[in-house]
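Read from first to last, the chains carry the letters A, B, C and D; within each, the first residue is number 1.
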Amino acid sequence: MSLLSIRNMKTDIGQYAVLHDISFEVPEGGVFVLLGRNGAGKTTTLRSIMGLWTPSPGSVQFRGEDISALHTAEIARKGIAYVPENMGIFGTLTVDENLILATSNGRFDPARLARIHALFPALERFRDKQAWSLSGGQKQMLSVARAIIEPRALILIDEPTKGLAPAIVDAMAEAFREIAQTTTILLVEQNFAFAKSLGRDMAVIDDGRVAHTGTMADFVADTTLQHRLLSLSL
Amino acid sequence: MTSPSLVTEDLTIRFGGHVAVNSVSCAFHPGELTVIVGPNGAGKTTFFNLISGQLTATSGRVLKDGTEITGLSPSARAHHGVGRAFQLTNLFPQLTVLENIRLAVQARSGHGWRMFRPVSGFRELTRKAEHYLEATRLSTVAHQAAATLPHGDQRKLEVALLMAMEPDVYMFDEPTAGMSLDHAPDVLDLIAQIKADTSKTVLLVEHKMEVVRALADRIIVLHNGELLADGDPTEIMSSRIVRDVYLGTAQGTGGEDAA
Amino acid sequence: MITSDTRHTTGTLVIKSVVALIAALLLFAPFLFQDVRSLEVAARICIFIVLVASFDLLIGYTGIVSFAHTMFFGFGAYGAAILLKQMGPGWTPVLLGALAGVAVSLVFAVAIGLLSLRVKAIFFAMITLAAASVVLVLASQLSQITGGEDGIIYKSPDLFKTATKLLTDADGKVVRLWDVKLNGKLAAYYFVFITSLILFLAMLRFVGSPFGTVLKAIRENEARAEAIGYRVVAYRTAVFCLSATIASLAGTVYAVWLKYTGPDTALSFSIMIDILLMVVIGGMGTMWGAVIGAVLLILAQYYLRDLMGAASEALTGVPLLPELLAPDRWLFWLGIIFILLVYFFPRGIAGTMMTGRKGA
Amino acid sequence: MTARTATLSTYWDRAGGVNLLPVAVALIAFLLIGAPSSWITLTVAGLAMGMMLFLMASGLSLVFGLMDVLNFGHSAFVSFGAFISAAVLAGLGGWLAADSWVLNASALAAAYLAAICFGLIAGWFFETVIIKPVYRDHLRQILITIGAMIVAEQTILAFWGGTPFSVARPHFLEGSWIIGDVSIEIYRAFAFALGAGVFVLLYVGLNRTRIGLLIRAGVEDREMVEALGFRVDRLFIGVFMLGSALAALGGAMWAGYETLITPHMGADLMIVVFIVVIIGGLGSIEGTLLGALLVGLMSNYVGFLAPKLALASNMILMVAILLWRPNGLRPAVK
């Protein structure tokens, strides 16, 4: 059974219909990549899963349970974490405060904190710094760290490599590989090289619809398909 | 060569410690269509915002036909002939398509302050608006509220608004974003028409390579806010540096930008 | 959501015919309703239609929420009142008063506009509220000029004296037309009616003009309006000034009609509340809504209260209910109706009726 | 910017920045007033008034910061707090008249508690019934809350009538302390102390507790707090209730300060409260305290120096500050 299954999801934002028909299945484990052009509806898909926009009723099943009508906070409590495109860091709070906020009871599990500090040493060094003073890459690390400070079943991550230096992108890929061993990741990514190296399954969204689903290996092998869907023609 | 209609000199903007556009100097000439490419976050939209006035530069200058417009408001720049369309649909949602276009025509005509004659009395406004309706093939939906249009038509209306402003410099920010490939050609035809008028300068941010190949007279590559390359399309598209940027092996952001 | 399309649906026709009927009733009011109180009501309706419509230019057409509208109304009223008091009855003080009221209103409107129209709508609402209340306090404190809480009583121009005979018959008696004396009172009413009509028609012109379309564009999408070449701050300040000017003129006309000006008739916050209620109940962004809202509320103000008084007396003995039904408590019920309306019919009466089928 | 102004502003920031404004106002007033004894009396009055304004304004400001909701009917809580506490005090006239200090204080505590309880319940009702349906629609929010204000004011009129209502004060808060030629009204000192106590509690609550952490995070990015699994809407009801209770407490204290109250007091105070939050910057309680102290001090100094300008002085202060900082002195980070 798939962990998350999206069936005929439609989402309107205000007066605009943004998602027309989105269906795909995210199996348990590994990294599932959502690809698509700018404005195709990838971010809206993640936000709809998270309940930040209202998707059509019955369209989102998580572990077989319909979550499309739940409140965002309840969806989060089901074990879904969200790392938004803008990272959603609380700038006036310290790094530790940002992290502790993401725990359900206000206490760190020492082992998980140690694991996070091992993955992202900067977060240990700047524990008491206000988060706005971090660099872009460190903020991204903090945002990801928040998502794994407690065990979760699924993490939705929106363009984590946007505007990051290559060294940090590499560190991020490393971290994702580690996280993916215990947690399923649904990744929206524009950086194809990055997506390629991580993804097991994938879907392409175009104009608010799913244009293709399959495995990453097949997609990488099929350049015509890539060309048609992503215009990778350079 | 003609004198440039739009020039940026050392154009720079910082947000806190982050330099989003870094000392970009570039001249754009009438009769030329320049495509601006670069990975996401490279500063393309910010560069546009600096030219059209949604953002004000930290340092550097913007010149239109030799007149400095760096500190002006967006509306003043529009009156200097710098017009732009937006990446995200940005219309007057409750007004009809015709009303949307007529507003742009009217802004150009300077009739916005006339308050004693009904709009219907300004025949030439309506006539011009209808002209652009036809040019963009939106006549059939002229009396529909903009918000009720399908996405593709909204993108066309976005372009129609820009055309109705009749600027000298046209700036398109991903005009086909979110459009499926079947609908994109309509918008591209419109841009090709504009390009055919040699008195106009066109700037285009675009990801789709077939579009770039079909339309570009020149390509500039932005990367981490800096001007990385500038030149002839074939030259740029085959250049090593651009490939590296796009395939994520260059220093700085990796990025397969077409996604 | 405010509708912009006024295409010819049945609803539109109904609203327009109702407005035409109201106009006809107001035109013949002195002949149709021959008691003093009714004429008072009719004149008040005329003035408030203008006042509410000028407020609609802000709230309905441009999306600006101001609480300073009575302040401008008051400037116009006090301008005429002070000069009529100082200079005695005549047309010069009325004209000068109107001009002075408009001038002061413009100074305030420009100052407030430039200071705060750039900021968020909520800030603007708070700042106008603060400004209006300061002016109200000043008006009651500067009693040498404004008469303080008591206000000013004065005479209107001679033409409007009840004793003035517009037409006399052979015996020198005032001519009656359908049993109505053609006297100064009648002239005063038609002065109110005609000036109100002119101001209202002028506003109808404004909203249908290119200027009006720019206002709607700003309401819909401020950033895009700026991007296609409209200076949003300038337009907002302009419409704020325009609306202030009309409110001020309405104030002058009302001062001439009432022959009394005080905080309660021209400046108080309760007038501002009335205006808000009228524009919302009538329907924002339609102009016709202003007419319907003003008529309904003023009729309620005058006649519903009598009804409530009767009900209150009938219920003597029941706890609290008589208190809530007392004529002075009519605002309580209006407040509740208002809240329900904003929830369920945010377009108001005119807006709800005139909305055609979607996308029609 | 020249190097010189840069240095000046650095000094300014290091010395406490905008927090120094009330001190600066007090110093200028000292020079203008001349007589130290009057100055002290006025300063105490100003600080007391500032603290009461702070109580009334803090809820308004926090609610706006957290949910982008501005409640134009906030003044209803102030009026109701005043009337309810006055009614309780009137009802407990026996306790107040008694010689026992304990009974006196109990009557006052009962009155304040009644106001606070009312604030909590009314706040809950107001948020769920009035505000919730119009989140994110500022125009309708303004209209609805104005409507609610009308209804609330009319309800007070129906209950207590339109005539001024006199408020009893416990005996031990009457009179003044005389130190040399300086006289300090005891009630003012008490109001200041109580207000300061509430501020400290709020400050500690916001900065040292988990709920406070959630509120501060929610002010910055509500969606993200929800995505972390917390119901900000429920938290918001709590904050709204707290804000209403504080406003009611402020009203109750104000009733004792004025000793004569009318149903319009809330609406009149509302203007001052708005000026306070505009000056302070919406969304932060530090900013609100700053604005409240400035307004309190200014009103008292100007009321002494040029009585007719008292209310206008607040307006002038607001205009000056907005010209300098369009978002107020210390707005919440957005």
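FYI, a residue touches a chain if its C-beta (ideal position, glycine included) is under 8 Å from a C-beta of that chain, and two chains touch if they have at least 3 such contacts.
In this text, all values refer to a predicted model and were calculated from it rather than measured experimentally.
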Partner chains that subunit B and subunit D have in common: A, C
Those chains which touch subunit B and also touch subunit A: none
Relative to subunit A, chain with the most remote C-alpha centre: C
Interchain centroid distance [CA atoms averaged], subunit C/subunit D, Å: 34
Subunit B and subunit C: spacing of chain centres that average the CA atoms, whole Å: 45
Cα-centroid distance, subunit A relative to subunit C, in whole angstrom: 55
Touching two or more other chains - residue numbers and ranges from subunit D: none
Residues of subunit B whose C-beta touches two or more other chains: 93, 148
Contacts with 2+ other chains: residues of subunit A: none
Chain-level touch network, classified as line, ring, star, complete or other: ring
Chain pairs in mutual contact under the definition given at the outset: A-B, A-D, B-C, C-D
Touch list for subunit A against partner subunit B, complex: 14-17, 35-41, 136, 159, 161-166, 169, 189-195, 206-209, 228, 230-234
Of subunit B, residues touching subunit A in the complex: 18, 39-41, 87-89, 93, 147-148, 151, 154, 174, 177-181, 183, 207-210, 213, 237, 242-243, 246-249, 251-259
Residues of subunit A defined as touching subunit D within the complex: 50, 52, 71-73, 76-77, 81-82, 84, 88, 90-93, 97, 100-102, 104, 106, 146
Parts of subunit D lying in touch with subunit A, wherever the complex brings them together: 210, 213-214, 216-217, 220-221, 223-233, 333
Sites on subunit B touched by subunit C in the complex: 52, 54, 73-76, 78-79, 83-84, 86, 90-96, 99, 102-104, 106-108, 111-120, 122, 125, 143-145, 148, 161, 165
